[in-house]
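Here's a structure for you.
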Amino acid sequence: MKTNSRIEKLLGQGAFVVTSECGPPRGADPEVIRRKGELLRGVVDAVNVTDNQTSVVRMSSLSAAVILKGMGLEPVLQMVCRDRNRIALQSDLLGAGALGISNVLCLSGDHQKFGDHPQAKNVYDIDSIQLIQTVCRMRDEGKFLGGEEIKGKPALFVGAAANPFADPFEIRAARLGKKVKAGCEFVQTQCIYNIERFRRWMEMVRERGLHERCAILAGVTPFKTAGMANYMKKNVPGMDVPDEMISRMKGVPKEKQAEEGIRICVETIAELREIPGVRGIHLMAIEWEDRVAEIVKAAGLLPRPE
Amino acid sequence: MRLNYPSNVKVVKVPCTGRVDMLLILKAFESGVDGVYVAGCMEGECHYLRGNLRARRRVEQVKKLLDEVGLGGERVEMFNMSASQGQRFAQFAREMTERIRSLGPSPAKKNKEVLP
Amino acid sequence: MIVGNRKEFGEILEKLGTARRVLVLGCNECVTVCGVGGEREVGVLASELRLYWQKEGQDFAVKEHTLERQCDYEYIDAIRPLTGEYDVILSMACGAGVQYVAEAYKPRLVIPAVNTTFLGVTLEQGVWSERCQGCGSCIVDMTGGVCPIARCAKSLLNGPCGGSSGGKCEIDRDTDCAWQLIVDRLTESGQMERYEEIQPVKDWRTGRDGGPRKRVREDLKL
Amino acid sequence: MATVENEEVKGGQAKPVGAVLVVGGGIGGMQASLDLAESGFYVYLVDNAPTIGGVMSQLDKTFPTNDCAMCIMSPKLVGTGSHRNIRVITHAEVKEVAGDPGDFEATILRKARYIRPDKCTGCGECAKHCPVTIADSYNEGMSRRAAVYLRYPQAIPKVYLIDREACIGCGLCERVCLAGAVDYADEACQEKIAVGSVILAPGFEVFDAARRPEFGYGVYPNVITSLEFERILSATGPHRSHVLRPSDGTIPERIAFIQCVGSRDKKCGNDYCSSVCCMYSVKEAVIAKEHVPFIKPTIFYMDMRAYGKGFDAYYERAKADQGVRFVKSMVSRVRQQQGTGNLIVTYLDDQGKAAEEVFDLVVLSVGMTTSQAVRDTAARLGVRLNAYGFCETNPLAPLATSREGIYVCGAFQSPKDIPETVAQASGAAAAAAGGIAAGRGTLATKKEYPPETEVASAEEPRIGVFVCHCGINIGSVVNVPSVKEYAATLPNVVLADENLYTCSQDTQEKIKKAIQEHGLNRVIVASCSPRTHEPMFRETIRDAGLNKFLFEMANIRDQCSWVHMRQKPEATAKAKHLVRMAVANARLNRSLGETAVPVAQRALIIGGGVAGMTAALRLAGQGFAVYLVEKEELLGGNLRNIHRTIEGEDVQAFLTDLIDRVSAEPRIHVLTGSQVTEFGGVRGNFTTAVTTAPAMTAQKIQHGVTVVATGAEEERPEGFLYGEDPRVCTQQEFEGRLAAGGEEAAGLREVVMIQCVGSRNEKRPSCSRTCCATALKNALALKRLNPAATIRVLYRDVRSYGMLEPYYAQARREGVLFVRYEPEAPPVVAREGDSLTVSFAEPILQEQATVKPDLVVLSSATVPRENRELANLLKVPRTAEGFFLEAHAKLRPVDFASDGIYVAGSAHAPKLITESVSQAYAAVARACTILSKENLMVGGVVAVVDGERCAACLTCVRVCPYDVPVVNLRGEAEIDIVKCKGCGTCAAECPARAIDLMHYRGEQLEAKIGALVEG
């Protein structure tokens, strides 16, 4: 065990891990985060705290993670490369270590064009793979990127995201390979609707043996409505929603679409569990934290191990 | 065919509308004309293959410029006609004259470059 | 070449304020080629100004001149006698030219009429595309001849983000995903193994982040 | 001159007369005249009509481009009328041609015109005052004109004449004519001229529709001919392009076109097909619908003969997108409905059922015939006609008449459309020139000019302004004296004068004198129109030693007095403005040099088939060296696969003779097994690299012209069990088998021919043109060998156009069965046990029929030979189907858009041998317009680069429609004045303003525009 991470511990025990996420509020009220956290207590093993997701300004992910930590939950600190250069990123990593955060998820981050400050200058001093390297170097070698010695290394379990559905498809496994080579220990994938394509990706991942060096947590997101399914297909870059899924959502009356969405999600989880190399799921119920427990239960993943 | 059209229309001959430069149109306004139209061959029938298509793009650009400076892009136009279409020529001459009449004299006539 | 965009006429007017003796100064280099600041564009802007002030009934004097280059002192200096007669110089060169003219004719007001946008190439007549950001340390040999710094919206050095879709970037469907291009080129040239190498964090000192840059070649100096 | 001697003129004779008589001034006659005059011969162009232009001048639009006929013909009219080596003799006829080839004496009778051509200015004052009105024949009698008239406004010569039969002799015209051109005492006169060759291009007249009384032409007002409808559609027609029917002037909604009126008609003795009616009817239907969208045209046809290049696409578009209805039928009669003036058309439909329909207007698609006058002329000249009154020719020598030295082209040879007429006219020019090549340059003159006075651009302009009254055309509207006075006040004007007719001969002398006396270095004439008169005035000042570009015209008639007739003060003011603009421009006019570039007087011909070899022989016959490049080891091309023509000519003997003559001709360098590998240069000076197998030796050839004659071949068909069953073959293979001997034929019990295999489909929309004739030829040949054989031709339309039609009739007579199929239900070839079966829909019985033939013959498409690389090398375009694309579908059928490169034969589109031969001759005539010159003059109105200012941005390189500019080694754009056509697009777009168009320089145009507004 390199860290105190619960994910690391459970994976070590061979458990099927369940993570979820929690978006910090667009304000300074800590209660919002506490309410969301409460809904997830005992239901998931760890909670991702997003970092100004979709480039919209929110409470900093580190602050929100600390609040969750205070509640006894296990936060996964998301960090994007869009807003901070290597100085700020390393500084925040030290802070996270100091505040007892055990998991970090290294991301490139959405382009600011889609957020609430499209006028902003982006940073992208380093990219997500280089951020993984940075965290590992700080933790394992005790060195900053600049080469100086760190006094008090941050013990962080390092994760990253993977999108099996983005293009170019043929290099998607290779890209994961680079992340693993950089030191990534777990990945959470983009929401999976096209299971066939995910299977093919997993085959490529297994071919490279990446699943043995890095735990793969398959991402799922329940549709609330047929409209949402359609929107995700059309407007979210790198999202692959098969037409059957949309017609299935459209095939039920509006008031029953939420239930249908959850049913699809549960079925998907069942299928994903059968795929060799899948070590857990990452359940992204976007602004729908109150249904997470229900989904996890229906998927037969409750109770969570201690 | 000796079809009557307004006498305020004066023709500047060019070998092809492809020769018509944006600057020439702007200069015409500088010298005080109220409107300019470029009379090219029918599209697809340019003797020089595509001069009239180039001219049309330039006329569109000049429209934007005239809008920018407040003269109004409608003071310039591109028309297509063939050499045998005297009626069409006369019709456009009348149409354009009517249009310019309703717009009134070019406001850019008020002053000339006077500072030494 | 350096590619720019003509400023809106309204903005130029605003910047000119009360100045009515204007020298519109073009440059016969990059900005001519990209159709923004050559002799023709100088003529167009000058004509627009004349028409506007004619319309407003104001007195004015607009002079057109185009230099071979606005980034070389000798060319700039050659018009010294001319500049005295004008209140402002409206430069249609890139940002470099504007500044060099301003430096040469201080304290005369020099106004930019062009927004300098990027270092790019001509895709076709009338269409230009960005290719380089002048980072000072070129790596395109590693990336199939495609620069991820200039052409990836996030300047990612190790591969495409999750927003790459159908060869296009997540920021809009007209923009190519640089990494798709890189992967295609590496595949074509049988160099995909290059992709597996992790590009280390970049040393940005050679770029603008290292502060204003200067280049000296001792052997060429006088 | 390179052509000193010619083998076609027998030795020992004196030089042949270097002049040609061209009879007929329609589009064919004009083309032949221009080609001859441009290649060093003097031409007498004699037309029966008072003006040249022929029937084409009456047409509205032309298919398949929908170009305006008059617009595209105008340059040819003006070119013919103003060419110094063409004498146009109108209102005249050829009485006799005596003598021998090379030395004919022709007697021409000029009819009285009553207006003196040397004095008439074409102002039209006489016609305005003439009190008589009679039916206007130009509008087919649908409008009226005066007794003194000009046939149409653009007429050449622009000289009026008096129709003395209508004239009442009131003398008004004589009184109003200020030019004194009216001469009531005028008399017919005879003139003898010496010529070396004669070309007959008298054209056709339309069939007299009254000879088919069942259609009611001449009885019912709303039954009209297609030529009358053409006039109705025309902007200069009786209703100024409004589609109105004669009886009541309403818009006819339902229009019927009845095809084959006077064609394919044994009863009238016109067994032939008139070739053009299908297409002109489709065009008229489409144009009528363009004018009035609610018009519903219906075309009653037997076979839709859209066999020309791009015709089928035009036809399909009309059918699918433009709402033209096509009914395959036989119309039996037309009756008028009581009271409405509408017409009831009775016809037998495709299934043989009778039907009736009501229409508002019926257009009879009348065919082409030879007029009695032309038949008489032919008889006088000793030229034999065929059974139908067309000129008798041999299919392998289609340009020669029965009398040596007299050649033929156009519809008089056989019915044909405009491009084929133009091509054949050029061909006839080549044939006519071939016989008298040694006389080249002996009669045609080149004008000698005095040396040019140098006018430096810094020199102070001294401008003379001559304001014209144009009789009263200008003077009665514009106050000419005040314009003159105003002109005198303008800067640099040192002389202002006025004339009654500035174009008159004495005024030219006056202008010349003024140039000397006042030291003028610029001349302005304020008068009619530069379109007609600028060349003449330029000539005048050049005679006085001034560069022609120092002339400037103010157009105060066409653009002023004529169009502002009722606003006299405004017209005078505008005339002053126009003069002021001319002065502003003239001050900046510069002398422009035209440089002589020597011509490499040799030709390169690519392709050694019938077209290539014919062209080579003709060019060599005119004294030019030829390089004939053939890819294969043997000459002959597709001709090697053809044995007989449909008329029965022995093609292999013809081919052998052709090859022998090519091989024996010392001026022809045959390069077989060779390919063009590099190509560069411009007209007059091309350089081509040719690589020859097997050693792949390369050589560079310098030549002045290039003829592309790469031909076409029969496609290897797909499907129909071709290649799988030996009983399925192509027409060409069948022809070979028939030629091999009659044994196989004797055993053939039943044969099925399938037409349009690989043609007229989505992949290849065009008709392959020759397959119907080939099928008829082979069917007839088989019938000769085995009269008992059953032959079924499964077809879509039988396209036996022109003189092929009688063979179609013959085949039917001999029992060949023709069964139509629809493209949606094509015949199916299958195997049933050992037998071959063909099943097809039987339209009359309306059932599926199956036969078991011994042989299935596929009429496979004609496809171009591999030519993509060659097209790239030569930078010449191709159609979507891979045939070479000519410069203009109508009037430049053998030219490419790039000057000096020509196309001949099937490389252009599928062709019969006779057509390839004509076209090869045509390419020769076009090529000779360049090869006959020692130098080409270049320069004048061309774009010029100021290298200093050039930013080498490539804008000019990209925008030039002719790919002329290049960035040279100095990094500056360079524009070759030889190639530049002077459109000015580059000048208008150069971002550095480094390019200017000479004579239309930015500075000049700005000055002119500046002068437009009162200063």
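A, B, C and D are the chain letters, set down in written order, and residue numbers restart from 1 in every chain.
Basically, a contact is a pair of C-beta atoms (placed from the backbone, for glycine too) under 8 Å apart; a residue touches a chain by one contact, two chains touch by 3 or more.
Quick caveat, the model's predicted, so the values are computed rather than measured.
Q: Across the interfaces C-D and A-C, which one involves more C-beta pairs in contact?
A: When A-C is set beside C-D, the one with more contacts is A-C.
Q: Cα centroid separation between chain A and chain D, in whole Å?
A: Using C-alpha averages as centres, the distance is 75 Å.
Q: Mind checking the centre-to-centre distance between chain A and chain B? Centres are C-alpha means, answer in whole Å.
A: Centre separation, chain A to chain B: 62 Å.
Q: Could you tell me the distance, in whole angstrom, between the mean C-alpha positions of chain C and chain D?
A: 53
Q: Need the CA-centroid distance for the pair chain A / chain C, whole Å please.
A: Each chain reduced to its C-alpha mean, chain A and chain C end up 40 Å apart.
Q: Can you list every residue of chain B that touches 2 or more other chains, as numbers and ranges?
A: Where chain B meets two or more other chains at a single residue, that happens at 22-23, 27.
Q: Quick check: what residues of chain C touch more than one other chain, meaning two or more?
A: Residue numbers touching two or more other chains: 40, 43.
Q: Residues of chain D touching 2+ other chains?
A: Residues 959, 989.
Q: Name the touching chain pairs, please: which are they?
A: Pairs satisfying the touch definition: A-C, B-C, B-D, C-D.
Q: Quick one: which bits of chain D touch chain B in the complex? Just the residue numbers, please.
A: Those in contact with chain B are residues 67-68, 70-71, 74, 153, 235-236, 240, 530, 555, 559-560, 562-567, 570-571, 573-574, 577-578, 581, 897, 941, 959, 961-962, 981-985, 987-989, 997, 1000, 1002, 1005-1006, 1008-1010, 1012-1013.
Q: Can you check the complex and tell me which residues of chain C touch chain B?
A: Answer in residue numbers: 8-10, 20-21, 40, 43-44, 47-48, 50-62, 85.
Q: Under the definition above, what is the set of chain C residues touching chain D in their complex?
A: The contact residues of chain C facing chain D are 28-29, 32-33, 35, 38-41, 43, 66, 122, 124-125.
Q: Which part of chain C faces chain A closely enough to touch in the complex?
A: 153-167, 170-172, 177, 179-180, 183-184, 187, 192, 195-196, 198-202, 204
Q: Would you pull the chain A residues touching chain C in the complex into a rising list?
A: 81-82, 86, 108-111, 113-114, 122, 124-130, 133-134, 145, 161-163, 166-168, 170-171, 174-175, 177-178, 181-182, 190, 237-238
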